[in-house]
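Each of the two complexes below includes subunit A, the first together with subunit B, the second together with subunit C.
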Partner chain A sequence: MIDNLLLGFEAALSWQNLGWCFVGVLLGTVIGLMPGLGSTTGVAILLPLTLAMDPLTALIMLAGIYYGAQYGGTITSVLISTPGEAASVVTTIDGYQMARNGRAGAALAIAAIGSFVAAILSLALLIALAPPFARWALNFGPPENLALMVLGLATIVSFSGGSLARGLAMACLGLLLGTVGVAIGTGEARYTFGSVDLLSGIPFVEVMIGLFALGEVLHQVRQGAEAPIRARFRDLVIKGSELRRSVAPVLRGSGLGFLLGVLPGSGSTLASFIAYGVEKRVSPRKAEFGKGAIEGVAAPESANNAAANANFIPTLALGIPGGATTAVLLGAFTIYGLQPGPLLFEEQPRLVWGLLVSFFIGNLMLLVLNLPLAPAFAQMLRIPYGYLYPIILITSCVGAFSISNNVFSIWIVLAAGAAGFVMKQYDLPMAPLVLGLVLGPLFEKALVQTSAIGNGDLTVVFASPIAVTVLVLAGLLAFGPQLWGLVRRRSGRSGGQGGPGGPSAGAPAPTPAGVA
Partner chain B sequence: MSTASPAPAPAPAQPAEGPSRGGTAIHAVLVVVGVVAAVVGAGYGITVPGSGGEVGAGALPVLAGAGLALFAAVEVAKDVIAVRRHRAVGTAASGAPTRPGLPLAAADLVPGTTTDVAAASEAPSEERDIFGRTAAQRKKLLLVVSGLLLLAVLAIPLVGFLISFGLLLLVLSWKVEGRPLLPSLVTTVVVVVVTRLVFVNFLGVPLPSGLLGVL
Partner chain C sequence: MKTSTRIAAALSAAALGVGLTACAADQGGTSADGSFAPSGDASMIVPFSAGGGSDASGRAIAAGLEAATGTNVVVENREGGSGAVGYSYLLSQEGDDQTLLAAETSLSSIPLSQDVDFTATSFTPVAKIGEDATLLVVPASSPFQTCSDVTTAAGAGSVVVAVSGAVSLDEVVFRLIETETGVTFDRVPYESGGEVLTGLLGGQVQVASLNPGEVVGQLESGDLRALCAVAEERYTDYPELADIPTATEQGIDVAFTQWRGFIGAGGMSPEARTYWADAAEAWTQTPEYEEYISSNYMQPVTAYGEELDAYLAEYDAQLATAIGR
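Our next item is the complex of A and B:
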């Protein structure tokens, strides 16, 4: 493992990679700050910029955008009560209250420190666990892959937000969109309506840009904006007592976040909600939660960062995206000609370890950048939206065009943007659609191969103990939260808390922004 | 902030004002899309002809289409039941303003976006944003922005990408958003120049220059 780490440091510490890592972290923070723009949008919009780069450099920059945007989203959560990310939704509860109490700086500082600690802890676990995970997954054949895809699709439950049926409908829509183009196996053109452009399928990045960037802009234009709270420099200093109060929540949040992040699809949103819920239950200052408790910022912020890192285990080792942003990153891998999955660790050790080590460097940069500069970043919130959204429109369209140098890409962005707007207006969750779109072709490939092995008999899946185990896990993931909720409601009526409680463990995370 | 505490999950969101008509219409459209996709998909062949029943090109389309129709139909049914229940209960609970389409329970999880903000700002009869725009004005704004964006894309073959989108930026910031002319103009020029430098000069993307062929 030491050799691998050294290889990673050697790869990540080149001037070029350090530079682009810094650019990614900085751009990510700025993007996370923009109202409504989150890491998924950031990665999708800036992906075209990286096409000319070396894959490792490109992925380091995109990963930097990912966790940079998460921190940027925290700043908006605290200062204007507008989470840039679904994973920061829960931070708004106490973070915004802290800001209103004049402790905006402390909230931002503990979020940065908590995120950093979580990143380092989870990174150590990631480095220890990802390779054995990948080695185990090396034995996978088509039946195991099929089971794995079912597991990936089962995670949609946790992305569904308010209504499971709505989430499943969106997942089916994603799967359906994924079938457009030439069929795997038979080579038949499906749903192309005679269009040559559609033969290669609905382009993934353009759909992401449309859904997340354009859809969000239209949504914001329709919804209107809210007044920000200004952060003053003297609010920034975090007190020793606040730091001491945050140690345990940060550690608990990191642990919980990592555990949940490892599960494919559970994403950082769920982790942040559960960490908040747990903290609210175990904290000696329960009464302060919701009124500006620093623990209410420290725990979910650590959790979402730990989960974001842990998300890379299923993404890199199994090829199943851990969340919407890692789904886009997965798309990026394929654009660079890389196939995420167990073989990646064997075939591309420099890339994998360089990327993992870059998380450490990127998080360090983020801490150094954000502790002193958070109020300066916060000034960006004062850029009038009247300038900002037209710029986002241009960036989205030029980015989409540059992927295949085709105006058709821009039309896809417009169509996906309109769809994204409608989905936001009517609370249709986007993450299941993204997951369906990403996993659809992989699922179909596994399905076709498995059925070929069994001569049309798909029950060959049950002959593999690994596949059966994965399927059982999928079942637990799909139905476990409901069963757990049912058990809790029954037992909660007799001895539970009165009044509104925290979000319960295993509960589907609400995704008001439709992003997970 | 009373609405800040998340409701005990995983209780499904209960729309307090009953489902919106638009939402039900969207669900109904999804049912139709699902059915049509499944029917068309079946034409691709659920199994490979002549094989022992191997999965064909139509299997996933049929599965996904049928699933879409089924789950969207569940949502339509839920909407219909909710409307009936809502009518039976009366409209007593419909005072609180909510974001359209967002069920109250979910909306309550986003502090500062819903009821408490409206209450904090002396509860105006119509929700206004920080620019003082009413909901109706924002609706009109949305149509204008969408229309102009469409126009900009349509104009690409004529005037080229950068001129078309540069004009879009200028018109949106100056005319539509009412920002001062000079900063709008400066922003436009900076964005156009940076876009050209990054995409055309640095990345070598051949942005369409249209019939004008200027930029």
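Our next item is the complex of A and C:
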């Protein structure tokens, strides 16, 4: 273990590797900033340029792009409500409100700090326990994934804003939109109306760019641009009290993100949604969520970074992709003449440990890069919003186009933008719609696979202890406070004062503890 | 404030207009009389997402063509609809001499199973650069020792197999085995080879059909075992795979090969077709090509021009009988 770490440091600390690590995280940050252009595309585009490099150097740089993008994606989410990465959608909810309240600097800083802490914690776990975690993750078959999707959907309660009915309606709309495209299993095209572009479904990255970025622009145009925010530089620096509030959310987010990231295929987007949902449930300040709560930035940002790192566990320990970006990286292994698989740790110790150690170095670079830059980036909001409109529109459309080189993506962005405007006018929450659209196809896949395994009998879910545990957690997440209120009334105490919000602080506290 | 809002709105609209026009602009291929030479960049469409086998082969071919011609060959991933989106895009480039597409079995299997506007003959085949087959693999702890064990068990009860798509190569393989032996498999649908591998390692499915390049790491580590190769011959060129018997040796007379190569748009000029085929042939003489083939455990079987047309016609017919509806 110590020998391996030393070997890793020896390998990663060469000038060449340090230099390319820096290039990678810098490029990753820029790629994360661009809406639509995510880490998967970024890594795929830059892959050919690394062919002449030493495999370790190349992988260090490509991995740097991956986790660098997790940092970069936050910046535009917070400043202009334009999620740069799918995993940053949730951050827009409270991050953008913080920016409107003049706390953009704090939001960006806590995102960087949370991401860093999450990275270090998850790396420590990765280094110590990658193989056993990878074996554990294999227990997540279709029934367990189905339960996990139910847990994801249960977070709708947290994303609904004032009205649960509106939240549920939007989530259902998202699920319905998620049924468009070729059905898994049968291969039939649904609701495509002969359009080839719709065969792969309604792409959620484009929808999310339209809803959040364009919807906000149209909303601002309609109500008259808001005054630019003229915060003094020192007001943009994060306060000690904000840091203290964020400790627990960062730790919870890291734990949840790590556990979800280990599971092959679930990735960092789901982790960020669930972390936000859980955080809102357990936070003593749940009323502030949606209005600029720093916890609402700290938890999902920690979770998406922890998940990004944990994604490497199945990738390195078993040779199976943890998510979309690690799938591209697995392809890169073959191109460099390395055989990914369970023997990688034994056959290529210098490569594996050098890569893992480079994560430490890269995340440290990102922290050093992002902390001072946070107030600087926040200064961007001094620009009158009117001048930002065209920039947001162009980057949104170019970003959408770059996803699949297809003009169809731009139409989706525009349509979603119009929908986002209408939803804002009628105060309909947007996050549940995105959640439904993201989870819908995953939910359906798990459902179809579970049904295939059980020969049409879905009760096989209850035969799996893991699935049952996850379902119980989902139940607690959705109905925890109500149940707790019931228990307290039964036990004779005069509970219930302060309504459903009152006792919730303590109620589902066992939830994250049980999960972590 | 009113005016500034209006100006901003106008600016936004203008910006959007510029963006759309810029995006809609397309590079045009030109062909001179007599001989063809590309003008500007050529593009290589990959109809699947980055990271998969098709992406790897598309990028390798593009790099090879670049080296052979000195022209930039830009790789574009146009994924979706199990490949249908990319092929449909190529269909819209009718007559273009510089838009290529990294093709394989899906060229025939998509039109056979999905409602699309193209058939296998809508395009101009340029080169086949290699062949790939599949192995039937099981977890190390599986009771199955041979492929006939699998079919016997399927005949007596049920065997759960993984398929990575409604018309994927593994679906074709299982369909062929079913037709040959008269048994039926229970299928669990997945969406990629990586997911299938995960399901197999986790014990959620009993048998999967995967390309050797996708599983060789898990075979070497002993986590998975290969029962048979669904190929005409054993992998004698690859020592780590040479001991795997063919399905035919085990009494199941099924062999199915996937081809990899690239095609051009329909109506591509004969000069351009020859130009790209010559470039591909030049690439197949290089060490880079050998490296590509061996690191993916493929067979260096190539075909160009009329030979390729004949190969594809026969291939299409074979697929149609196997999975046609």
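By our rule, the second predicted complex is superposed on the first by the 267 of 516 C-alpha atoms of A that agree within 3 Å, B and C clash if a C-alpha of one lies under 4 Å from a C-alpha of the other, contacts with A are read in each partner's own complex, and residues count from 1 in each chain.
Here is the rule we use: a contact is a pair of C-beta atoms (placed from the backbone, for glycine too) under 8 Å apart; a residue touches a chain by one contact, two chains touch by 3 or more.
The structure displayed is predicted, hence computed values, not measured ones.
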{"item": "Partner chain in contact with A:Gly185 - subunit B first, subunit C second, else both or neither", "value": "both"}
{"item": "First, second, both or neither for A:Arg490, with subunit B first and subunit C second", "value": "neither"}
{"item": "Partner chain(s) touched by A:Ile410 [first = subunit B, second = subunit C, both, neither]", "value": "both"}
{"item": "First (subunit B), second (subunit C), both or neither touched by A:Ala327", "value": "second"}
{"item": "Contacts of A:Gly141 with subunit B and subunit C, given as first, second, both or neither", "value": "second"}
{"item": "First, second, both or neither for A:Lys239, with subunit B first and subunit C second", "value": "neither"}
{"item": "Partner chain in contact with A:Val398 - subunit B first, subunit C second, else both or neither", "value": "both"}
{"item": "Which partner reaches more residues of subunit A (counting touched residues only), subunit B or subunit C", "value": "B"}
{"item": "Contacts of A:Gly290 with subunit B and subunit C, given as first, second, both or neither", "value": "first"}
{"item": "Subunit B/subunit C common contact set on subunit A", "value": "48, 51, 185-186, 217, 221, 224-225, 384-387, 389-390, 393-394, 397-398, 401, 405, 407, 410, 448, 452, 455"}
{"item": "In the complex, subunit B residues that touch subunit A", "value": "1, 4-13, 20, 22-23, 26-27, 30, 33-34, 37, 40-41, 44-45, 47-48, 51-57, 59-61, 63-65, 67-68, 71-72, 74-75, 78, 99-103, 105-107, 109-113, 117, 127-131, 133, 138-139, 141-142, 145-146, 149-150, 153, 156-157, 161, 165, 168-169, 172-173, 176-179, 183-184, 187, 191, 195, 198-199, 203-208"}
{"item": "Touching residues (chain side subunit A, partner subunit C) in the complex", "value": "40-41, 43-44, 47-48, 51, 138-142, 181-182, 184-187, 189, 194, 196-197, 199-201, 217, 221, 224-225, 264-265, 314, 318-321, 324, 327-331, 334-335, 337, 339-344, 384-387, 389-390, 393-394, 397-398, 401, 404-407, 410, 445, 448-449, 452-453, 455"}
{"item": "Complex contact set, residues of subunit A against subunit B", "value": "48-49, 51-52, 80-83, 89-90, 92-93, 96-97, 161-166, 168-169, 171-173, 175-176, 179, 183, 185-186, 188, 190-191, 217-218, 221-227, 273, 277, 289-291, 384-387, 389-391, 393-395, 397-398, 401-402, 405, 407, 410-411, 414, 418, 422, 424-428, 436, 440, 443-444, 447-448, 451-452, 455-458, 481-482, 485, 492, 499-504, 506-510, 512"}
{"item": "In the complex with subunit A, residue positions of subunit C that touch it", "value": "1-2, 4-5, 7-9, 11-12, 14-16, 18-20, 23-24, 49-52, 55-56, 59, 63, 75-82, 84-85, 88-89, 113-117, 160, 165-167, 186-192, 194-195, 197-199, 201-204, 213, 216-218, 220-221, 223, 291, 295-296"}
